[in-house]
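See structure below.
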Amino acid sequence: MSLLEVRNLAVTFDTETGPVQAVRGVSFSLGRERLGIVGESGSGKTMTGRAVLRLIRPPGRIEADAMTFDGQDILNASERDMRALRGKRIGMVMQDPKYSLNPVMTVGRQLTEGLRLRDKLGRADAVAKAVAALEAVQIRDPYRVMDAYPHELSGGMGQRVMIAMMLIPEPDLLIADEPTSALDVTVQAEVLSILDALVRDRGMGLIFISHDLRLVARFCDRVLVMHKGVVVEEIAAANLLAAKHPYTQGLLNCLPRIGGPRGPLPVLDRTGV
Amino acid sequence: MTALRVWLSDPNPASRRQARLGQAWLAWQRIRRNRLAMAGLVIVGVLFIVAAFAPWIAPHDPLVQDLSRRLLPPGTPGNLLGTDDFGRDILSRIIFGARITLYIIALVAVTAPALGLLIGTVAGYFGGWVDATLMRVTDIFLAFPRLILALALVAVLGPGIENAVLAIALTAWPPYARVARAETLTVRNSDYIAAIRLQGASSPRIIAGHVVPMCLPSVIIRVTLDMAGVILIAAGLGFLGLGVLPPTPEWGLMISSGRKFLFEQWWVATMPGLAIFIVSLGFNLLGDGLRDVLDPRSASR
Amino acid sequence: MSLIEIDNLTVTFRAQGREVRAVEGVSLSVDARESYGLVGESGSGKSTILRAICGMAPVTGGTIRIAGEVLAARRGRAFSTEVQMVFQDPYASLHPRHTIDRTLSEPLAIHGLPGRDTRVVAALTDVGLPPSFRFRYPHQLSGGQRQRVAIARALMLKPKILLLDEPTSALDASVQAEVLNLLSRLRDEQGLTFLMVSHDLAVIDHMCDRIMVLQHGRTVEEISRDDLAGANMKTPYARSLFEASADRMLSGTTEPT
């Protein structure tokens, strides 16, 4: 039984020049696995992730034949039901922690607020749980981080705090939108391995949205390749190098490689796709 | 018409002029969708037309007195808005008063923002002691209530329309300097300013050609929003007898002279008051609309 | 004699009474027509070195020589015909209220050079943009097209040295390939010398002959291109950087973890 089922999803924006379809005809189902969504800017990958949480603001609108999460219809669910779902059962990690954390609240307060309000935990219990979450994302001195304000954290630290915050309610599904693109490569590897361990240990579903095909291939089980709002190819990550679609091929080949030839890099044929 | 529209919305303009007109066309399209801004634009437009054609529109001479017809109520045949204590037609006086109001606005709108922009961008761009000096001067001006400062200046310079304009302009520039400085501070460290500096451009060139265009929209918005205040200060100076001298038909002066009959002949003071209210409202609506159109943060979308 | 010689460069920022050494004792030399790469993570001081060359960072020690001459405290007009820079974010490096034409002709106007019309059109064609783009505004262009304009602007004064500050990190992978190809072609055609900064080892490797790895403002290691491909680095930090970029290797090992 799949955790998330999306059939024929479309996201349309009504603009001055008429409706623009940012996403169309996207269908996928997700079990307790790691699904990668890859595409370049404007491919609709972020919109797909947000549509699952119904986080598209007007003039955008979401249409689909069906969208169910754990058997529950989330296409027609009330805004109230969606709020109960967001954060609690479906978490989301954004690209830049700077914009997702409240700059005037300490990390600790932001982490414990939900626990105390929603789960009615006492102060000591909430703090203990928050510290445990920070330890789970391998922050070595959680008490110092709890007292810090977001601007006092480095990028990698901030992103870990974001992940910890999303994990406290123990969601069944985590949507990570470019969670590592703002990070240095060495930090990136650490954050990825943390995510990976969490998915495995807790049996979460993960939607990993990224522009980086190779990263997604290394990290996910299955990959959706998006281009101009459409899924052009769905492929098991292990077979990615054998991708058939010319767009996927083009994306793979246009990256420079260490020790590669110095000649011109192959570029995408934009007329064909 | 359609050919013109195609030419204006051409994504690949063939000349500088076409590019600029195309941008103006886009801005016009945006402001047209904003109903309130259009209402403001109509009011301001009517003000312009009335001022331009005052001698033809006005039913009477605004200065001719007819003591047999003094203090007639609104709706009297021949005097639609009634007459004042000298028997002058109030409608005609309001219509001619539009000229004076517009004259004051135009002079203030040209001088004060120019001065404010210059001081603000120079202070923001150079920073350091230049900034400190210029901004302290600005603070000194800001520390006085505007009307009081204008009063003091007029008291020194003597009453009259030019002196009133000068007094208003001298009290109106500090907010523009503040706005321009704030905008300059965000622009100053941007990559495109670094790039042009790297091309060897001189500071005056960078300020005039690259910094000012970025500050201009916020200053223009601020100016339109302030126009209501300028009208009110001009009217206030007139009311206090320190602005335009009688018998010139100036709105503030008209209110002042109607004060004596406020309870029995309310229209003498109310009609010019309504004119001030409508024109101020028009400028405010237009300013709000321009903010949506010109603001670089919203224009990028 | 090297075209760019940096000797023991130190850059110190002062903020709220604290001193922050962004660059400390970095020395390097780049020959004419050579391409030199600076790699490091955020806070390594790699971009600050480029800004110090341009006079946009407070140099507190060491010397910078261009073609053997020590740079004056104020970079004059002559400097701008020698050295130009391409910035990281193409959305922030073009004036939003100037047409492409104005952006490209401004350097010619500053230096009083004739033939603006033909030069602007030639510059656009050089970077692979149609001349019909000339009177567009930046917001009417895509990120890749903007970066091409930024490159065209940097080349308007025919400089010998181009400083590239992460020129492709804000771009999509396919657009990155196009821009890197463009830079390589222009380097060959105009005999340019590149000093390039990137966090992406593969991009640096593709473009540069020699590479310096920086960390916390200090030099960690200088590596030749062959040593990088052969994984012959001496320091553990350079090796960890290399290993984090392992999926960028030629063999393209992509076994899932």
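A, B and C are the chain letters, set down in written order, and residue numbers restart from 1 in every chain.
We adopt the following convention: a residue touches a chain if its C-beta (ideal position, glycine included) is under 8 Å from a C-beta of that chain, and two chains touch if they have at least 3 such contacts.
In this text the structure is predicted, and so the values were computed from the model without any measurement.
Engineer: Which word fits how the chains touch one another: line, ring, star, complete or other?
Structural biologist: Shape = line; chains linked end to end, path left open.
Engineer: Could you compare the number of C-beta pairs in contact for A-C with that for B-C and name the larger?
Structural biologist: Most C-beta pairs in contact, of the two: A-C.
Engineer: For chain B, which other chain has the most distant CA centre?
Structural biologist: Following the centroid criterion, the farthest chain would be A.
Engineer: With chain centres taken as the means of their Cα atoms, state the distance from chain A to chain B in Å.
Structural biologist: Computed value for the inter-centroid distance: 50 Å.
Engineer: Where the centres are mean C-alpha positions, what is the separation of chain A from chain C, in Å?
Structural biologist: Centres of chain A and chain C (C-alpha means) sit 32 Å apart.
Engineer: Please report how many Å separate the Cα centroid of chain B from that of chain C, as a whole number.
Structural biologist: 47
Engineer: Where on chain C does chain B make contact in their complex?
Structural biologist: So the residues of chain C touching chain B come out as 54, 56, 75-77, 79-81, 83-85, 87-89, 92-99, 101-102, 106-107, 110-111, 130, 132-133, 135-137, 139-140, 150, 153-154, 156-157.
Engineer: Taking the complex as given, what residues does chain B use to touch chain C?
Structural biologist: So the residues of chain B in touch with chain C come to 11-16, 18-19, 23, 190-192, 194-202, 205, 209-210, 213-214, 296, 300.
Engineer: Note which residues of chain A are touching chain C in the complex, please.
Structural biologist: So the residues of chain A in touch with chain C come to 40-41, 155, 184-189, 196, 211-215, 217-221, 237-238, 240-241, 250-252, 254-260, 262, 264-268.
Engineer: Quick one: in the complex, what on chain C touches chain A?
Structural biologist: Residues of chain C touching chain A: 41-42, 143, 172-178, 180-181, 184-185, 199, 201-203, 205-207, 228-230, 240-242, 244-245, 247-250, 252, 254-257.
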